[in-house]
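Both complexes shown next keep subunit A, but they swap its partner, so subunit B is in the first and subunit C is in the second.
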Partner chain A sequence: MTRLTLAIFLASSLAASPLMAANANNTDTPTAEYRKQWHSDILTGYQNLAAQSQALATQATTYCQAPSSEGFEQTQQAWLEAFLAWQQVRFVDFGPVEQGNRAWQFQFWPDPKNLVARKASHLLKGDTPITPEKVSESGVAVQGFPMAEYLLYDQAFNNGEEALPTGRSCKLLVAVTRHIAGNGQSLANDWKGFQSNYLGSHQYTDTTIRSAMAGLEILEERRLATPMGLRGNGKRSVYAADAWRSEASLAAIDASVRGLKQSFLPAFSKLLNDREQTELAEQIEQGFNEVLANFPELDRPMAPLLADDNAYKMLQSLYIDVTQLTSLVNDRAAVELGVVRGFNSSDGD
Partner chain B sequence: MIAMFRPAPLALTIAAVLSTGCASTQSESAASQPATKATVVEHYASLAHAGYEDALITAKTLDEATDRLIANPTAANLQAAKEAWLAARVPYQQTEVFRFGNAIVDDWEGQLNAWPLDEGLIDYVQADDYQYELGNAGATANIIGSTSVNVGGETLDVKNLTPELLANLNEIGGSEANVATGYHAIEFLLWGQDLHGFEAGSGERPVSDYAKGADCTNGNCGRRGEYLDAVTDLLVSDLEWMVAQWAPEASDNYRSQLMAADANEGVQKMLFGMGSLSLGELAGERMKVALEANSYEDEHDCFSDNTHNSHYYNGQGIQNVYTGNYRRVDGSLVSGPSLSALVAQTNPELDARLNAQLEASMEALGVMKAKAESNQNPMPFDMMIAPGNAKGASIVNGAIMALVEQTGSIEQAARQLGLEALSPDDAGHAF
Partner chain C sequence: MPELTRRSLIKTALAGSAAFTLSGCSILPRKAASHSPQQYTGAVGLPGDRFAVGAIAPDGKMLWQSPVNTRCHSGCNRPGTAQVAFFERRPGWAFYVLNSTSGERLHRIIAAEGEHFVGHGVFSPDGRYLYAPANRYEPGEGIIAVYDSHRGYQRANTFELNGIGPHQITLHPDGQTLIVGLGGILTHPDYDRIKLNLPTMKPALVMMDRGSGEILGRFQPSHHQLSTRHVDAAPDGTLYAAYQYQGPAHELPPLVARYRNGHYEEIDLGEDIHRALGNYIASIVAHPENDLVAIASPIGGTALIFNSRSGAIIEKAAIPDCAGVEALAGGDFLVSSGRGKLVRIGKGKPAKEIASMPVQWDHHLV
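Coming up: the complex of A and B.
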């Protein structure tokens, strides 16, 4: 298993691209226009993540101050909205999200060894106070959406003695959601501060395109093909998907594709049109629409779809639409634009 | 620690001196052959052949040591078997660079080096300190503990623990964590579960787990011995097969196919293997995941706490492929036409930089190895990745950063040699 979210920045892989114009550091050159739009569209996504994360932290605090079953459901809903806001910008694997492994802090995944459960049990059983500092030093498996999801959705945990709203689990939930909210706010601010750097470097045009390519590849291979049993040993397993506890694996895919459509596609379409790839640009837009046409019908738990061969067909049609979109962007458009993929963190097992 | 972050020019100077010194020791006739893509690929096959031969030699020693342990389970024989295992890892880890790019190795290696494993498939585990892969129906099957096991509704007869049976049990029930064979299965049978978490100490399996009669601890000592016997025999025969694949002057093995293909393909495999192991696998999966999640479940050699050596010799393997040099277990040096010489023909500056970066990586991995093996306050990898261990984290990060840097130059070397596409084939697009 390889975590494709690993963001290791390879400066050299950005060199020598046809998309790089001759005079670097000149924001007036054409490609800066695309980056201007990307910067603005991604900022919108990041600001949404910051707002939803703050709403989650506030809701978790309210619930833990006066627990109720209604408050619990509201907290679950706030978690889902913030998590989906993250899914929309998850493809961005460069810039401020690389600082301090923020991407992993938001979502440590995949977690085949169930590290989240192990870390939760360790923290809840101990008697060291659960503080923001404790969460900050406890590693990425503690600091993000999967930990909050575990506390809010895990069935075994919710039937156990430490289930919410017991004191320590509430303290952990509040500390973790505040950590997420802090990261959401910093990320949006840092992205704003990153603007001149981003607009000034032609390299970031390729980097942005590559991030979308990687996002689509992860979606196709890891988030769909692997749980569907189309890779490796062929076993269907919902545990290979993300967000299986909240049954939001497919809703998260919907959100990621919507996020790419909102934050990546506008400038990318413009770029393709400017390169006289009008037909390809149209096909890609159509490809996005075809993937999204599977929803909201497919906004449902993945496990029952894996268990029933008839229902599985719904996943297959989604998968086919996703592979067609991925192929258009990662093969055809990348070749037309001369975007070369170098080594990436997925070159492992 | 300061040494690891010194300015690049200094690192360049030192490493250049080191690699010059190394080159001057080359005296074999092969080294005088001019480097062309074809001779470089041929020598690459020779490096692989020598590496797998060494892995086989040391695996046979391990097999003999475990045979002695099984026949006569004394503390000294257990210790000797552990030392033989550690020695066997030195050449094997240097061959991992051949995995990426050579499908014949990648398809085969799971049976030898798959990791992480759910050890409860094999033998008894302490349940409250055992975290297995989610959804793995075989995670607690305990093959040693019974003559038939049930995995996900399927009942299997495991009465006779033969090498073939164990090989067929790999990935049973569709879980990659069901690893019944290979180095890590043997490691578990020698060391046992490491129950120390982030604290000092590795697995503490008592030698009486192999004792005869009433002295047997934890039950099924006879079957445990049979298992160890079968799994070490399998390791030897698997390595024999791979040695034959890389042997020279054969007409029907992998080496002959590689040599018959376009030399560009071979060079691409070399660079792809170096880059993939550097970045995605070693820097990423084996170090960064473990560090950032503070997860000793993601520690490579978790039973023996030999992870630092696994990483170190992985790094050495990457350097070997570039320099064309391999120091064999008997101390002799294999050398010949190298990628380094090929790159230097057209871009000596890039060659010097990549050589320096490979040296810097080995130095950073050397710091990790030295700290783990230090007489005073040793800090093995599982302690380095503990929450709040700033010194440990900086050692691991130093190695990660060095590997990331060299990967950038590996990509440049590929471009320098006219190879654009280093990405793996997208075979996955077919459906």
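Coming up: the complex of A and C.
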């Protein structure tokens, strides 16, 4: 958070009238049309998540009914597709995804205490039946993609006695993937039902822009800079990234940026153009393209790139493109539009 | 390691501006409460993810910055001494006791096992006991942890709040009653800041005897998701509570409540104001010299003053990332922001920036 707010601090100190610089509420532009577009674009993303999550649950059930190594790989593939569908809409941090901590249910992360592995071990070793109710009451570390990822990808687990397709592991996989599918479906439905409130409340324009800004900042700082060793103790560590078990950390970044481009950028570009920020809108569009130009080449495991200084340059190149995009959206556009995230406003205390 | 971002430029720029600028008048106004030291102390964020507690003097100089291990939130002056305590931000694993003249660190007291602090505390009027709201996080129980400064801040007592998620604490002018904002939100340090009980929250304004721990009063807001985080007490004993609404943004419930003469009532500032505040209040301060109350919201980037009796808005300003509020001698207020601004605002006195410095003020000034 600090980087962003410092940058804004600097930018704002150059503004002629700092007290008024960030007052977004004094614009009279009707903004419902942007929200209409956002609502539709995000709905598309949510419906894709619902469909991919359902496909994952179906595939997991099929696999556990008649296990095979081919079925296992198909289940891994279904997990990846559903997980990437989630990455595309992960930036949305308001509205129905807030209900019941759904975002956390989909992806409990970061997990510095490895709660996912600890909870899995606890559930699998116990005698209590693994039921949908058990998953519902076991907390967010059990209920989402990281738990299914653990069962499908964790190397130590897969070499152990409880590896899939043993009975309890399969029960847990099926229950967790069904929980994800249920959440995917309810989220898409609830987002539809949220339409009139979303279109009718102009503060959701800022909320939507802030959610994209937060998504970019988390992507730059926590999903990229931290595992790259650019933060904290300065050590490179793939375990600081998300989805390291499936080696999908970078594919997930690709998906998140594509998701922002598909579900956020269209209405945002229009808004910038309407505010006569045509050049900035073009730069932001270009910024998205430059980040995405790193892929699909970078759709590969992060760990080997961290281990080799030469390969690390590929990550640096992505990182530079991401910081430039983040800077355009979170610093420049934020100041132009008066939508800022701050040291205290991002704190929640 | 190549540092190819604007980050390094920012760092350089900030490092270069060691002194901060004072615009307008060069002397900060005095604090209203005469027994407090004439300086403003707050937790600050510094470039490079470093944190400190910092104090500025009325003449506008940064008196000191005392480095701390992690981001702090708020604190309290110790009456009768030149000491100030500051708490690590939730989940706070420690508090610091600093010499308020020099910034020298006198103590760093670690939370008891199974507990964490929440960023606030208050001393007894004689300066001996420190009352710190805390979370006993496995069972999810809110408590007031009592520390004895005469015995090196050993734990002296523990009072049960019979509720979840205490946040700010202050002392009633009777010197005996603790006023606690019970936010009602269950969190656990293993789960980041996930709010684990939004459907079943029971926030409240709690009054507690500081000697016995007996709960003398408990007042609940009109909606169970109005998290009652911040509190203040006026010299006449009127209490104020400020909420942070946990429901959807398009709903705009009351955000402020007042307790007076045995009645707890919410003050409706109007939907436009609630919208401008983003359903969130970070600080509430009743001015000891008049009937004005100031609130600040970093979410809404809005600070305002209202009349405590009528609820009428007296003054309102857009101040990005504003959160801290202090009462100034003469009847005005001082508002601090995460962008290093100090802004003066008062009745008939629109907001005026009086200082800007290369620090990020955290939520509260003391």
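For this structure, a couple of remarks:
We take it that the second predicted complex is superposed on the first by the 312 of 349 C-alpha atoms of A that agree within 3 Å, B and C clash if a C-alpha of one lies under 4 Å from a C-alpha of the other, contacts with A are read in each partner's own complex, and residues count from 1 in each chain.
As a working rule, a residue touches a chain if its C-beta (ideal position, glycine included) is under 8 Å from a C-beta of that chain, and two chains touch if they have at least 3 such contacts.
Since the model is a prediction, treat every value here as computed from it, not as a measurement.
By the touch criterion defined above, A:K235 lies against subunit B but remains apart from subunit C after alignment on the C-alpha atoms of chain A.
When the two complexes are overlaid on their common chain A, residue A:G95 makes contact with subunit C while staying clear of subunit B. Contacts of A:E137 after superposition: subunit B is touched, whereas subunit C is not reached. Of the two partner chains, neither subunit B nor subunit C is touched by A:P129.
When the shared chain is aligned, subunit C comes close enough to touch A:G200, but subunit B does not. Contacts of A:I320 after superposition on the shared chain: both subunit B and subunit C are touched.
In the superposition on chain A, A:E221 makes contact with subunit B only, not with subunit C. Within subunit A, the residues touched by subunit B in the first complex and by subunit C in the second are 2-3, 6, 8-10, 12-13, 101, 104, 108, 113, 115, 139-141, 229-231, 320, 323, 327, 340, 342-345, 347-349. Within the complex formed with subunit C, the residues of subunit A that make contact are 2-3, 5-10, 12-13, 18-23, 25-26, 94-95, 98, 100-101, 104, 108, 110, 113, 115, 139-141, 197-198, 200-201, 203-204, 207, 229-231, 316, 320, 323, 327, 340, 342-345, 347-349.
Residue ranges on subunit B touching subunit A, taken from their complex, read 100, 116, 131-135, 171, 173-177, 272, 275-276, 278-281, 283-285, 288-289, 292-295, 297-298, 387-388, 404, 407-412, 415, 420-424, 426, 428-429, 431.
Residues 1-3, 6, 8-13, 15-16, 101, 104, 108, 111-115, 117-118, 137-141, 220-221, 225, 229-235, 237-239, 319-320, 323, 326-327, 330-331, 340-349 of subunit A are the ones touching subunit B in the complex.
Across the complex, subunit C meets subunit A through its residues 1-2, 4-7, 10, 13-14, 45, 47-49, 73, 89-90, 119, 167, 190-196, 198-199, 229, 248-250, 275-276, 278, 282, 298-299, 301, 317-323, 337-341, 343, 351, 353, 356, 358, 360-363.
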